[in-house]
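In structure tokens below, several structures.
Shared between the two complexes below is subunit A, which pairs with subunit B and subunit C, respectively.
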Partner chain A sequence: MGGPEIERLVALLAKLPGFGPRSARRAALKLLQQPELRMLPLAVALAEAARATKACGECGNLDSRDPCSICADLHRDRHLVCVVEQVGDLWALERAHVHRGLYHVLGGTLSALAGQRPEDLSLHPLLARLEAGGVTEVILALGATVDGATTAHWLTDRLKSFDVAITRVGQGVPMGGALDVLDDGTLAAALRTRRAV
Partner chain B sequence: MSEPGLKLLRLTLGRFRNYASLRWQPEGRLLVISGPNGSGKTNLLEAISYLAPGRGMRGARVADVAQGGTGAWAVNGRLATQEGPTEIGTGTTDENVDRRVFRLDGAAPRNQAELAQRVASVWLTPQMDRLFLEGASGRRRFLDRLVYALEPGNARTVAAHDTAMAERRRLLAEPRWEASWLAGLEDEMARHAVAVTAARADLIAQLDAALAGGIAGDFPAARLDLLCPIAARLTEAPALAVEDWLRAEFEAARPRDAATGSAAMGAHRADLAMADLATGLPAAQASTGQQKALLIGVVLGHAALLAQARGGAPLLLLDEPAVHLDLKRRTALFAALAALPAQVFLTGTDAEVFAPLAGQATFWRTGGEGLYADPEYK
Partner chain C sequence: MEWEAPGIILDLRPLGEGDSVATVMTEAHGTHRGLARGAQSRSRAALWQPGNLVQLRWVGRLEEQLGSLTAEMVHPAASLVMEDRLLLGMLTAACAVAAGALIEREPQPVVFGGLLRLLARLPAGPQMLNEHIRWELSLLAALGFGLDLSHCAVTGETVDLPYVSPRTGRAVSTAAAGVWRDRLLPLPAFLRDNSEGDLPAWRDGLRLTGTFIERDAFGSHHRPLPQARQALYDMVQALAEGRS
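Right after this comes the complex of A and B.
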């Protein structure tokens, strides 16, 4: 192809989520065809983001400030802490404007098979925040996977000594979904997490 | 006979088993593929089985189905489905020959359940002649394939149960157990085990009722039973109570399970029992031919049940179905197939066995890396 520089660019792009070798080649070609328009501004943006971004010491979010703009926002409801697996989950909830409290990013889930153990998760900043007082509810917004559900169970056990309500995001009937097309597991989850109306 | 809801219109193979390249338009609802041993009859059925999620008809390693056992391979199928025409592609890439990837109408599917909603296949192979003489795992896999065709989401539930079980086994092998982590995994196992068992029991109840009602035509009707303590509990108590009971069982069994490196209880312990409905003779005590007839009856009944329940039967892949069947049963098989609203692929070394299907089936021959219309049945 076009020399070692391009090969390296393609190899690095191919490691990004959603990219494979073919899409990486297409992206590299698009960048190289008009470098002033796309590639150089992208290179500057990448370098600036890499230099400025850090993990928030309080919640684990990625931001150019520490504490991050969410933790520093005095208008947020500081009684509520929503626990998520990854920063991407935090961003998804922010995009939806559904949570006006604070967050805590665990950094993964427990997985015996993947060797992800309790000590690999970011738990201490959350415990410190609860010990400091003021939090009344911890919302567990973890995935409905085996590892997500197991981690929620484990976390509930770890947090039960604090005087806070522990809740989980609902699972079951999707918006616009009919009951008769759901599998038995989803139906059972929906029934288990029913609430008074 | 009405047109089947699910039908393979075109099959394209690239470097799959003995086929360097093949493009085939399977015309008709009944397709008879004959040819000498090793000419690629079963490979064709296996390729079709790969259009649905799972490990395919032979349960082979992904890399092993490539021609010569090396490099990438591809299977592409164009299908008529209830939701309209669909194109499904699967195979490996040169970059990763151990991981199978899928394409659904030209794009990556969101998950495998999305594929399972479009296409299902059920097969019988000569190896399954020993289904009731060997271990329970083969019978459980057979049952689960029937369940997935009715409830595609159940495959994900079985996988979640097995993942939680494998994680629990790993934790129990450690010198100190973190109780809350184990309890979380046992909660997952209990929830999924109950869901899996309920779906299996439901399918069996429907199938037993349909078979007793004569849905398989002149074929001998079987009675199926799910041998599983979780299923027995589900007949006496609500599902949520059975989950609580299972959680307590798992917790009590930790020391024993740690010692054995397995789980004494769970959806993975279920077994399928089958007997001749008319005589009560258990399948394990029946002759090879009787067992095969019972299995074929179940597959035919299942296809007819699905056609009634979902409007579409799975693709039926019957590898050497006539072997071990006497003339009376072969005649009954052909009569049942002719009445079934399903696309059926049949193989045999000798096309003549299927001669009674002439006029209803299309006949094909394998040989020399290819597939061609059988000149004797044009």
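Right after this comes the complex of A and C.
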């Protein structure tokens, strides 16, 4: 194949999520075939993003501003804070336009089995925000996994001294989901968290 | 090489984007690791949760290889206790202790049976702590560190045994304890008379088994007691003292 420069490009691309050696080679080839059209603008965009992006000091979101554009948006409901595991979860909620409050990115979950401890998570900015007052509800939007549930219980315990409502996102049947194809765990959670209509 | 058996998922370590290295336990194969392809995927993540009871199939070209695991759900134990902090703590503690303390690929049918019963009946409530502590005693016995709670190590008495020696793991009577009672571990009555027990008794029971699991099962390998097991003790202690 090509020289060491191309090999290095393929090796770096292959480390990205969703890429393997074959797809990395295809992407590299596409970029190299029209470098002015695709590769150089991409290189500039990558360099600019790497230079400008920083973690928001208030919520942990990735943005070119600190505080991020969500925290700085005065039109958002500052009484609501939604706690998520990762920046990707925040972006998913923003994409769905379902939450108009603020966020807090924990940076992971407690993992009793993998040894992820409370001190490994970003909690202090959330506590500082609650201590500052104004927040009336904290929504725990953590994964429906053993680690996510363990983290939710721990967070509930840590936040109970504050005068805020602590809620959790619902669990159960997804939109468009037929019951007969759902796994047993999801069905059990759906039935357990049923509500009056 | 391949086998198929009912089993328990104990631990999952992410591998790449969608796969995990799973530690499972079966009656005939003990704790066993294998590559679980797609375990982190949207469609399989609910199944590959610690504590779930599943039908497992392991395939490897050679016996000593990691091999790959596939599973079908039998009982979604994890999702049934996620709402309850104490029950979830028991599930994670039991899985962490089993995954860390048992020798890989060494059959432990008694430990497996006890863990299976414990996880299947966890939703019954906090009284399952009684069974959890008994299961830890059976695990210690299976590893060769069994406690002798039947008679006093000093006098041979078979009644009035409120203590256990942290050095020998044998019961000690009130008379024999004397001035050393503060150095001994409390032996909760439910472990002797098969009563139900309560929160202070369960706390003492967890302290008792935790001391020996930490020293003998994990300490001998220079590893600390799993965080999940310590968290369970802290939780029960807080409940027993009315702090939670």
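Here is the rule we use: the second predicted complex is superposed on the first by the 184 of 197 C-alpha atoms of A that agree within 3 Å, B and C clash if a C-alpha of one lies under 4 Å from a C-alpha of the other, contacts with A are read in each partner's own complex, and residues count from 1 in each chain.
Operating definition for what follows: a residue touches a chain if its C-beta (ideal position, glycine included) is under 8 Å from a C-beta of that chain, and two chains touch if they have at least 3 such contacts.
Note that the structure is predicted; figures quoted are calculated from it, not measured.
Colleague: Could you look at A:S64 and tell me whether it touches subunit B, subunit C, both or neither (first, second, both, neither)?
Modeller: neither
Colleague: Using the superposition on chain A described above, determine whether A:T151 touches subunit B (first), subunit C (second), both, or neither.
Modeller: The answer is first: A:T151 touches subunit B but not subunit C.
Colleague: In the superposed arrangement, which partner chain does A:T186 touch: subunit B (first), subunit C (second), both, or neither?
Modeller: Both: A:T186 reaches subunit B and subunit C.
Colleague: Between subunit B and subunit C, whom does A:P17 touch in the aligned arrangement: first, second, both, or neither?
Modeller: second
Colleague: Does the superposition put A:Q33 against subunit B (first), subunit C (second), both, or neither?
Modeller: In the superposition, A:Q33 touches no partner, neither subunit B nor subunit C.
Colleague: Taking the superposition as given, does A:T53 touch the first partner, subunit B, the second, subunit C, both, or neither?
Modeller: Neither partner.
Colleague: What is the shared patch of subunit A, the residues that subunit B and subunit C both contact?
Modeller: On subunit A, the overlap between the subunit B and subunit C contacts is residues 112-113, 145-146, 149-150, 153, 157, 183-186, 188-189, 192.
Colleague: Applying the document's contact rule, which stretches of subunit C touch subunit A when the two form their complex?
Modeller: So the residues of subunit C in touch with subunit A come to 10-13, 17, 45-47, 49-52, 73, 75-76, 78-80, 82-83, 85, 88-89, 91-93, 95-96, 99, 226-228, 231, 244.
Colleague: Which of the residues in subunit A end up touching subunit C in this complex?
Modeller: On the subunit A side, the touching residues are 17-18, 112-115, 117, 144-146, 149-150, 153, 156-157, 183-186, 188-189, 192.
Colleague: Hey, which residues of subunit A end up touching subunit B in the complex?
Modeller: My answer: residues 20-21, 110-113, 118, 145-147, 149-154, 157-158, 182-186, 188-189, 191-192.
Colleague: Touching residues of subunit B toward subunit A in the complex: what are they?
Modeller: Touching subunit A: residues 93, 95, 151, 153-154, 156-157, 160, 163-164, 166-168, 170-171, 178, 180-181, 183-185, 187-188, 191-192, 194-195, 198-199, 239-240, 243 of subunit B.
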